[in-house]
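Contents: one structure, followed by commentary.
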Amino acid sequence: MDSQGYFGRFGGRFIPEVLVATFEELDRAFDELKRDPAFWQEYVDLMSTYSCRPTPITYAENLTRHLGGARIYIKREDLNHTGAHKANNVMGQGLLVRRMGKSRVIAETGAGQHGVATATMAAKFGLECTIYMGEVDVERQRPNVFWMERLGATVVPVDTGTRILKDAINEAFRDWVANMDTTHYVFGTACGPHPFPALVSYFQSIIGVEAREQMLKSTGRLPDRVYACVGGGSNAMGIFQGFMQDDVELVGVEAGGHGVETGEHAVRLAASDASLGVAQGYKTFFLQDEDGQMRETHSVAAGLDYVGVSPILSSFKESGRVRFESATDAEVVEALALTVRKEGVIPALESAHAFAGAFREASQMSNDEIILINQSGRGDKDIFTIADAFDDPKWRDFIRRKAAQYDA
Amino acid sequence: MDSQGYFGRFGGRFIPEVLVATFEELDRAFDELKRDPAFWQEYVDLMSTYSCRPTPITYAENLTRHLGGARIYIKREDLNHTGAHKANNVMGQGLLVRRMGKSRVIAETGAGQHGVATATMAAKFGLECTIYMGEVDVERQRPNVFWMERLGATVVPVDTGTRILKDAINEAFRDWVANMDTTHYVFGTACGPHPFPALVSYFQSIIGVEAREQMLKSTGRLPDRVYACVGGGSNAMGIFQGFMQDDVELVGVEAGGHGVETGEHAVRLAASDASLGVAQGYKTFFLQDEDGQMRETHSVAAGLDYVGVSPILSSFKESGRVRFESATDAEVVEALALTVRKEGVIPALESAHAFAGAFREASQMSNDEIILINQSGRGDKDIFTIADAFDDPKWRDFIRRKAAQYDA
Amino acid sequence: MLEKHLRTKLVDKDLLLMTHLVLGYPDFETCRKTVGEMVAAGVDLIELQIPFSEPMADGPVILRANQDALAAGARVEACLDVAAELAAGFDVPFLIMTYFNIVYRYGVERMADRLQAAGIAGAIVPDLPPEEADGYPEILRQRGLAPIYLFSPTSTDARMARIAEIGEGFVYCVARKGVTGAATTFSDDLAAYLARCRRATRLPLAVGFGVRERADVEFLRGKADIAVVGSETLRVLDTHGVSGVGAFLRGLIAA
Amino acid sequence: MLEKHLRTKLVDKDLLLMTHLVLGYPDFETCRKTVGEMVAAGVDLIELQIPFSEPMADGPVILRANQDALAAGARVEACLDVAAELAAGFDVPFLIMTYFNIVYRYGVERMADRLQAAGIAGAIVPDLPPEEADGYPEILRQRGLAPIYLFSPTSTDARMARIAEIGEGFVYCVARKGVTGAATTFSDDLAAYLARCRRATRLPLAVGFGVRERADVEFLRGKADIAVVGSETLRVLDTHGVSGVGAFLRGLIAA
């Protein structure tokens, strides 16, 4: 990264003048924190008493046997408090907010995971909290909205644009512009204007730091390949950072949706549908039309359904350090079903992309190779989506009866 | 405990002749396992790679300040894989099943937690799995049923009796009687015929063992009081065992339902509604009528809604070693809301009873006293129940829209 | 006393028939009539079950009868009154079958007194194994009541010997691993098991769980002393009414 | 060139008026008529926004106009055609306002050539701060186009100086921390801020964000050179149509 927040050609900070001072303040705070030798330990302590870090790695013995190739290990970010790696980022930013002395946080959320995580952090740190969430997502992810409200957050449904994650981001920036004195914007992934990609990756690196040590300890060596799903890129950045300097192949798996050829997907790096652009404050590959207008994206996983991608990952795409693949909705639901059945763990639909990508390759690998999959979150929160993906008639009946009960 | 499985006047083994041999086999397997010096470490290793033990203790700074009395710590069993302490028991019994060489497990479930945990263990250990669940609970807890089925378990709705937990237990025993050669019955709580109370408590003791060490490490001393909710009694036994020999007051909180005076509750030890009886294979306090027929019970928390209680806790009631209290549905929902809002953790409705009991007393205690609450599980799985308990109109609208969508 | 009565009967017949009903199901009046039909059909021994809310050893048919009887308001005291009335009115031995909690809540001695006064011959309590007896068999025996115990295919020889020692009247041999009312294969295995039971005790052997038709009864002839027809009687009562029970039983026994 | 034009105008008037519209909203024909009304009402300068799907610095009214224009099919090329046509047809300077991605995807040089050919006076790109300029202001300047930059209340004096250096035409002073279209208090604070802006640059000062009524315009007189009416014009267009815009603007300016 250069001093302007560029990773190769990607990144930077394309923001309205009114936000410049705020970002400079954030730069300073982040710099101080990185230089403070006590900070990382403070962060680790928080995560090990409030969440349950280190999260374990689990040997997936049954999947390994079933696929008959590489030995499969799973990094269990699903065991974090609030159920996903998002906790790492928000709690880190919570400590940052405390240092900056601000009293309010805002955040965007797509799947709702980051919103719940932020609202949780705000409750814990005693901060006011507003969450911006596309109207479409509010509808899809009501359970998360319910919890955010219980946690004391105000959830603002965003009815502009395509009413999803990117629109929530725009809206959060609008709030921030107006309230930057009191407010910190807790960005949810390794995207956005500098220093967010670096900041979020910094906190998420705890995944990779732990995973490297754990793999060495339990297998005596490093894995051959590491798989992570790629939405904005934070969980991937988190685990990849542990293996950056090693001879380990890093594989990011994007949302293939109904298939790259259908146009209904969120593949920015694994195919050539996306092009370089500048939006939401940073330069990266975006799914956009020739005019530069952002396109609609699709994924069964709300958290992967995003037009941009971490500029850091874009730079790794270009340098070849990370290989990018995609998995379709159908492959993902199948991988999810297999994982649940074989190992008794329920990956989030997002995380299931990493599993799908890994399963495709594991059987072609040899028995003494090792792969590590980042299970970024747990799927039990996605019950409404997953039950629909499985097209479960008993679930539909249950919902109908429940509705009838409310109407009575 | 004597050799017949009695704790004072409570416990024993009241089973049909056909099960005697099976229980004797179980006695032997459990004895061997307790005597095997390697076993506990095998168990701890499994729990620390598959779940994330040790689960942390969290200092509840905001609640402490808000209540203005004792310092409050929370033991975070909610961070277990599958979201509750139930995982400890099932994974332990999984290891036992492997030792016994059986290929199938069955279990009863009320809230669904133990069913999900057992189905998870069965998936992980490659065992066939049947879960018995009262029809009423199947209806209330559909999300859990959905997951059990995804995990490969067969869920059998029990339409006999009052169609809740106790009926599921009877049905599971009926299955076991017919299939004991191949099948182990994974009992879910510290109840049932000997050796189940001891067996389940043995695995759950990991909670207390950890908690004692953690409290010493982080506060330099032991807590003054430890609170746990009491359904069957397994999470309470789990944490209490860590402090049995210490000068620590142990408090079990039962489900007060609509109030002890209404008769609609599940208070077996904290009030005099229950009486000594023998059912479901053991002797303890049961909520029963004069004839000895079991009564209907009520609690907002499906997992506390049980007619019997651990014979070990009954003996502690009688010896005075544990104090028993109850909390009503209304108090529990309030305690839950406060905990979510102040600390960003979401206790299960069951666990919220322990919080309610503790909150009542914390403010009367002094600043240098310490209390420890066992958060036996997380509440986000209870969304259908909790949303109803909060009477959330937006949730109802969401369910109605969802139903309309399915009807379209 | 019960054993003696049975031995006497077994002089004339090589296989006796025991039937079962749940007191208060569907109501007491039907119970009375059903018992009348049973006796008229030639049944030798009748088991009267006092319903319990948690009948863990019973299968679906009897389980539901327990529930329905309770739902219809069958209190323990009323069941005992009816049992007494039946014992007075019909000339066959009656046994009380129930779960231990019913006895325990009533008081073991008080219950034994009551059964004695009612002219009941003995009691079967399937969830009270010998280990938990705690004076129960003695209390019954002191009052001339037979504490009936069970053998199961999984009982070891040593255990059977022990059970034989404290039991009286007869031994109830569970025909297979499973609850009441499901199908049993009347096979060589069963024959071997019954032979083992025979070696373990000098008490008459009753065989229950799954006896449904004439052939089952025939199979038992020579291998056991009493055939128990439980769930099937209830099924017939449900589908064909009281008179159906008489016809069904006559069909089972007719030479 | 733009600056010179404005200086000339400022000889006669002490406060100029700049209005804003979103190209293609609600359609190009309405845009043409609206510009006609604006010019007739005496507007001095018109900002034409090429719609973008992610207008992060715009408030709800302009945001929605962006979306609606895109939904109605407003392509970039068509917007530029219409801009050229308006610049040829009306005797006021036109500025293009848009987000950087539109320029970036079009190609910065290609866009600058196109604007020059279209007779546009300058461009405002609110999400392109000086740090990310990467040759952009020079490319514009080379073609006689004014790269307009912004000051905000949070800009330090040093930063203002730097911005003043690369900007041309005028400086757009954001009146408060917030997006377009919300209320601003025209207070002493604002006056002090504008005085600071004045010290930082010799370019004319435009003040935008929140100018809604006659009093706002009067407040700015003497403190700034150009009053910008953005969202409010759009609001009037939505509620009172094209002719309403004329009336509204005349009301604002009338001496």
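Lettered A, B, C and D in written order, each chain numbered from 1.
To be clear about the criterion, contacts are C-beta pairs under 8 Å (C-beta built on N, C-alpha and C of every residue); 3 or more make two chains touch, one makes a residue touch a chain.
Note that this is a predicted model, so its numbers are computed, not measured.
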Item to check | Required minimum of steps from chain C to chain D, each step between chains that touch | outcome: 3
Checklist outcome for this item: dist(centroid_CA(chain B), centroid_CA(chain C)) in Å evaluates to 38
Checklist entry - Between chain B and chain D, what is the gap in Å from one C-alpha centre to the other? => result 65
Next on the checklist: Where in chain A do residues touch two or more of the other chains?
Outcome noted: none
Checklist entry - What parts of chain D, by residue number, touch at least two of the other chains? => result none
Next on the checklist: Can you work out from the touch definition every pair of chains that touches here?
Outcome noted: A-B, A-D, B-C
Checklist entry - Where on chain B does chain A make contact in their complex? => result 48-52, 55-59, 62, 76, 79, 81, 83, 119-124, 126, 139, 142-143, 145-147, 150-152, 218, 337, 340-346, 380-381, 383-384, 387, 390, 392, 394-396, 398-404, 406-407
Next on the checklist: For the complex, give me every residue of chain C touching chain B.
Outcome noted: 52-57, 59-60, 63-64, 67, 70, 75-76, 99-102, 104-106, 126-129, 131-132, 149-156, 159, 163, 174, 177-179, 182
Next on the checklist: Give the list of chain A residues in touch with chain D in this complex.
Outcome noted: 4, 12-18, 20-22, 160-161, 166, 170, 173-174, 177-181, 275-281, 286, 288, 290-294
